[in-house]
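Contents: one structure, followed by commentary.
Which chain is which? They are A, B and C, in the order written, and residues in each are numbered from 1.
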């Protein structure tokens, strides 16, 4: 029984990676295009970062897009004002999101439940507001423009990820692989197990000697670093960063992706992101009222499929 | 100089009164049912549009009396059908639901009434400024404050003296005990929600007269309501009242000296409160922790 | 040095006084039972000792150290462990995984991103020992939520023990159990008591367990101490009989 379960999981993993590796080749066949795949990866990474906190620690952070947006602006600022280096821009984005998360996290970890959610949203909106108003620096509502991802120069080889969509897709895939590897690694570690313990029974976790607030803060900060990275990738994808990425409605989208795909699973959010992106792409092309359909999707998932796609297929909590 | 300050504080109080009306509805629902009603702004907009639609038939005063209860009924239906199934579950789900509802409301109003802003006519008597000196204090704005004061007084009276109100207050503190005492908690939550939405609808009618109508106006008012609740203290309606007035005044006063920072000052206040007194000014320790 | 010294502790919730001026001293290696009618404030008292909240007045000293206002998780690392009236476990994890979490914390690994093979082996060894001690070896891979009530309680005790506590607070360990399960848990507690490195304080309603295991008994009624003494003294105490023993079947 155990072995069958293990083999199934391995097969699923192989299937996911095979699909991702071959995306530029099979996507056009089903009416998609490579850039859509890139978008799925980036937003999927963001959804997985939210899930790191939401699904694995049980913390209701609803304002997480703020760190995504900060990552985007961080990357943009770097490319625009610092140096035309893609790796550096990724680092900048990640740091901006992560450090903001560390600071704000310290303020709010004492709270839980819906109050915590409220405060995370309110704080997220602070950044939205700043991005919106400080237009001299951030470009305001028009967003930050005038930068673009730079070709990767590895000495012998140079990858023009700017003009070649396929190269860029694989670049994003490599980044995705790196970050998700780190995520998986942490979740399997003793620290990761304390996160799951906090989710499963916070009181018992506390009475096992786990300083719950501190561990939540660490998990929060880590997820913000991941979000910042995803945001930086997003800026690179669009060569553009805008306040919308910071708005709490963006946060809601990420949470919905995680829930749709399966909140307690590792790969669920990626799947959720794929469905969400494709749906949104399709809907916005056929009707101007696509927003209400997205809203109805939220309602339907919450009422009818709360465990999400992968959640229904199976798997239990594991620590 | 002092006169200018007083003038701005008054202006701030007027703004604050409006925030209070919104925030109280949100706070009621939050305290009893543990639900953050993201769709609150949407209900406000719906209230405003309903008022707009029925004004030609019943006049402004008729709309003022009819639109809020009508909005409350819509709220009641939504609560019963969509939100009630989620009470036993992780609060995440009700958050996502009201979130989705907000989208539906925004698009829905756009679909029914069009994306153009709609002008709303208010009785001429109210539109006049009171004096030349305080030209901005139109009769309408004072009227708004009067309505808010009456509504808040009625709300607090409801909570203090009626059976429903007492049950709501008790339920906020200990829902289990209230249930054990034989009160139908589900009905209680529904009625509480309806009261909250009534306030949202009323805000919508008032806002329509002041700002005109637009499908997107609801979301902009949601954040100040959040901040009012956080500043005033979660779990405390008086706190929300205080919070709303405070941020209104702060924002109004700042508008004079640093016009672009008037919105920012609300966030700054929130940050300060969270730093020094995380439970909020009048919040209870352990409430909603 | 006394293991636990509670001095004149009072806990007020608004106008309700749940615990009123209670004092108690427990010696190392002692097994103390706290009994009393429902609503006597026993669990509130435990909550004060274990740090779920702070007393309104009074002090609590653990092994000579003032812990009155110390956070719960800190008291745990100082050597105080606790079980709850309603079993607090991780229901969707296996017994092994449940015990592993406490073991890793006790070993100082809670912030570690990874463990060496040697460290993993050491953790596994400790978990095995705990499973053996509580008789759960056969059920190690089962989800705790699916176990019988008695086994769940044993698992909870195992988790509390992973932290190498010196003081064990057990809140109604035999609550809701049939005779056989009660006997098993009582035997477990007796085994722990024999290992004199443990000091045990337990809240219990089952008088067979109390009178069989306890060195001393404290009786609480309506938030105050009604009586304290050896089992014989308490059995013979008329006030206690009137207030409590007479009522309980």
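Methods note: contacts are C-beta pairs under 8 Å (C-beta built on N, C-alpha and C of every residue); 3 or more make two chains touch, one makes a residue touch a chain.
On a predicted model such as this, the values are computed, not experimentally measured, just so you know.
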Exercise. Return the chains common to the contact lists of chain A and chain C.
Key: none
Practice problem: Mind having a look at which chain is the central one, using mean CA positions? | Solution: A
Self-check item: Centroid comparison with chain A (C-alpha atoms), farthest chain
Solution: C
Self-check item: Gap in Å, rounded to a whole number, between the CA centres of chain C and chain A
Solution: 42
Quiz item: Between chain A and chain B, what is the separation of their C-alpha centroids in Å?
Solution: 32
Exercise. For chain B and chain C, let me know how many angstrom lie between their CA-based centres, rounded off.
Key: 48
Quiz item: Which part of chain A faces chain C closely enough to touch in the complex?
Solution: 185-186, 189-191, 193-194, 196-197, 200-201, 203-212, 215, 218, 316-319
Practice problem: Could you please specify the touching residues of chain C with respect to chain A in the complex? | Solution: 50, 71-73, 76-77, 81-82, 84, 88-93, 97, 100-102, 104-106, 109-115, 143, 159-160, 162-163
Quiz prompt | Residues of chain A defined as touching chain B within the complex | solution = 54, 60, 62, 107-108, 110-115, 117-119, 121-122, 125-126, 129-130, 133, 249, 252, 255-256, 259, 289, 291-292, 294-299, 301-303, 306
Exercise. Would you mind writing out the residues of chain B in touch with chain A in their complex?
Key: 30, 34-36, 38, 82, 85-86, 89, 91-97, 99-108, 110-111, 223, 226-227, 229-230, 234, 260, 263-264, 267, 270-271, 274-275, 278, 288-289
